[in-house]
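The same chain A turns up in both complexes below, where it pairs with chain B and then with chain C.
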Partner chain A sequence: MKSINLTFETGHIYGLLGRNGAGKSTLLNLINNRMFVSDGTIALDGHPIKNNEQALNQLFMTSEDTLYPGDMRVKKMWRTTQDFYGTFDWSFAKRLARNFNLDPNFKLKKLSTGNRSIAKLITALGAPTKFIFLDEPTLGMDATNRDIFYQALLEKFGSGDQSLILSTHLIQEVEKMIDHIFVIDHGQLIEDQSVEAVQSHAFAISGSETLIKEHIASSKIMSVEPFGKQYKVYVRNYNLADLPDSLHAESLDLQAYFVKLTNRGTF
Partner chain B sequence: MKFKATTLYNFKQQGLTLIYFMVGVVLFTVALPLLGIIFTSNAQIHSATNLVVLFTIINFIGGYITLAQKNFNLFIQNGVGRHTIINSVLSVNVVFALINALLAQGIHGTFNTKYFQIRFMNFIDDFYGPNSSYGTHNIVWRFLFILLVLFAIANLGSILGAFWSRFGRIPRIILILLVIFTPTILMNVYRLLSATTQANVKIIIAQLIGIQAHSGIEPLMTLLVIGILTGLMVYVLNFKRELKRS
Partner chain C sequence: MQFNFDSGVPLFQQVNDQIEEGILDGTFPELTQIPSTTEISQAFKINPATVLKGVNLLVANGLVEKRRGIGVFVKQGAQEQVRTARKAKFLEEAVTQIVQQAQELNISKTQLIKLIESRYQA
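Our next item is the complex of A and B:
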């Protein structure tokens, strides 16, 4: 990771996006005291997080790696979370387990990949922390379970005193939920904006090469595609009011924006 | 809160290890020989379990478990700082060394009486002789000796626990085979030596590790230093330990 500077605040659902190997998991592991930074500081309310249990008590992370013993029962995972964090939202966890058809008496190693993800998710959502970090949370989950999960997220994070940081490749599925994105590419932060700001200033603009070059600064172009005799350019931070009538603009959804941002092309 | 939860978790794990071993001990060194005595009416049957060696194994395994990757991962998952993990592990190692030293003394004292025909042996008697500072009559010194041995051994187990995850499958197998076969090979080589050479080897080893025959306070000091050094190693190996991604 190279000189990344970002801030998470409570009351948001953040999307941490990036291609495979971009450094998302490493960043989350660094924030959550699983790995250590060689330079710089990670702080919560101004206090360094490194081995600071008051700060660590406000963070909870689940990832693809299962850090619970395989012979631990789901219910015991919840009990353990309560022991270490002070409290646990049992009623929410039990209700969610019922919705997912997950028996909390099962041992982790006896669960399928999808159900193991569900068990870890329920544990994370029941934890009483300000910040919850979910790294690829829907691994192995079917479409129905993913839908239940997204509903649960909306219910849980509607109150505003907690924040969720969601690292996922399923951008289209979470687009409606997240309100701010961070995009990591080759270990660097290349985007830090609200979803609204991104979407209101990201477009696919088509027209002739000359007109495009004349009206659009190259620094705003993310990607270029030949389009018959014309070109289609994908732009960011672009003010639609500046667009001349001779060029045509289309809005970009978050996934298209992410793809073009991380797969740059030029004339 | 984190220290309490970590310590309780470690305590339960070490407690279970102790219970499993004690069930084995009771079965193989008390129940079965007792049955032998009852059915054969042979009062000469005795058990030859070396108690300190047995509790050394228990403490080593207990120490290993507390810092094995499985436990470390769980603590990190639950927001426990490295210092808390280390402090908890060392505290539990001390407490279990204490419990096991008491058990070793208690069992030895209980069974090695005129009412029981089952005899437990103790390597301290083998090494120092029953009339040394660590003889059966000198309960406090003997207890301190066992306590310090068990504490150092538990710390060694914890060091292995921290190291184990860094080894691949083949090095692990080689290490296990070395641990199993090295003592056997060394003991056989030792037995092939003449009595004089054996005595000399014993003296050299004893002097090398600071444990001299006929006792005194020196062996205790040596063990204390070993305990502290292994404790420091537990700290050094873990305070910057990162999670291994699978």
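Our next item is the complex of A and C:
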């Protein structure tokens, strides 16, 4: 992980994207003080979070690791969260548990892998912190449960004074929910833009090789696909108004954009 | 309603367009309430701020109004306003496009008019 500089603000649903092993979890662990930076600073409102209880109380993170003992009951986990962070949204958590069909009286070790993820998710969504970080929250969850989860997070975030940072590989499922993306690749931040800006400037442009080389700046090209005499290039930060009539542009969905961005072809 | 990320139209604009469509076809009659931001957001898994931006565009265009604490209502005359705007857009864009394509394909003016008339008779 090197020279990464990024800022989270309240009132957003952020997507933290990256291929396997790109460094997403490392970044989240660093931000949440679970790992320590060798160089650089993590700060909340300008105050470094290291040994800063007040700042750390505004961050909540859930990952694959379970930090709670297996003998603990789900509702005790919620109680512990309340004790630690001051408050907890009990009515939201109970309603979610009902929607997920999860009994809060169960001990964590008695739950299936999927239900244990759900229990931890509910804990995170009920926490009062300004920033909630979810590392691969839908791992092992079925489609119906993911749907319930997405509804819950849309109810809770996206406006107001909390923010959610979601790391996920299921880009198509979240592309309309997240409003800003960060893409991590080989330990570096290679994208930091609003989804709206990404969407309106990413295209697949096709035409003859000569025309493409003449009109499309190579700095904007993410990937190239030769196709007979036709060329197709995937571009980012491209202004559609600059497109000559002789070339054809198609919009990309976020997943296609991500794949082209992180799997560069050669020109 | 349907929202496509890769249609090339920004999502907030799609929210605006879809509600406009609903006003035009009577799904959202005048003086009635349209679904709330939260309802639209959850039903279509769209960021609430994006939905709000689309709804605010409708407010700015005078098609709907916010009633504090109750919700968003379709204004009287909104249906006619949408129809007028769409008519203007159709004449401007669709007709221009058809004529342009016909010219590219060497379809004569008489032929094109005949084609259009035949569709009316069908």
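Quick note on the criterion: the second predicted complex is superposed on the first by the 265 of 267 C-alpha atoms of A that agree within 3 Å, B and C clash if a C-alpha of one lies under 4 Å from a C-alpha of the other, contacts with A are read in each partner's own complex, and residues count from 1 in each chain.
Note that a contact is a pair of C-beta atoms (placed from the backbone, for glycine too) under 8 Å apart; a residue touches a chain by one contact, two chains touch by 3 or more.
Keep in mind the model is a prediction, meaning the values are calculated, not measured.
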| said: Both complexes share chain A, so when I overlay them there, do chain B and chain C fit or clash? | reply: fit
| task | Would you sort A:K213 into first (chain B), second (chain C), both or neither based on which partner it touches? | result | neither
| Taking the superposition as given, does A:Y150 touch the first partner, chain B, the second, chain C, both, or neither? | second
| task | Based on the superposed arrangement, let me know which partner A:E175 touches: chain B (first), chain C (second), both, or neither? | result | second
| task | May I ask you to decide whether A:S251 touches chain B, chain C, both, or neither, giving the answer as first, second, both or neither? | result | second
| field | Contacts of A:D65 with chain B and chain C, given as first, second, both or neither | value | first
| remark: Here the angle between the directions from the C-alpha centre of chain A to those of chain B and chain C, rounded in steps of 10 degrees, is 150
| Partner chain in contact with A:N57 - chain B first, chain C second, else both or neither | first
| message | According to the stated criteria, A:T80 is in contact with first (chain B), second (chain C), both, or neither; which is it? | response | first
| With the two complexes overlaid on chain A, what is the closest approach of chain B to chain C, counting only CA atoms, in Å? | 28
| message | Quick check: in the complex, which residue numbers of chain A touch chain B? | response | 25, 29, 32-36, 51-53, 56-57, 59-61, 65, 67-69, 80-81, 83-86
| Tell me, which parts of chain C touch chain A in their complex? | 3, 5-8, 10-12, 38, 41-42, 44-50, 52
| List of chain B residues in touch with chain A within their complex | 1-2, 5-6, 8-9, 70, 73-74, 76-84, 240, 242-243, 245-246
| Contact residues on chain A for chain C in the complex? | 11-13, 150-151, 154-155, 157-159, 173-179, 196, 199-200, 250-254, 256
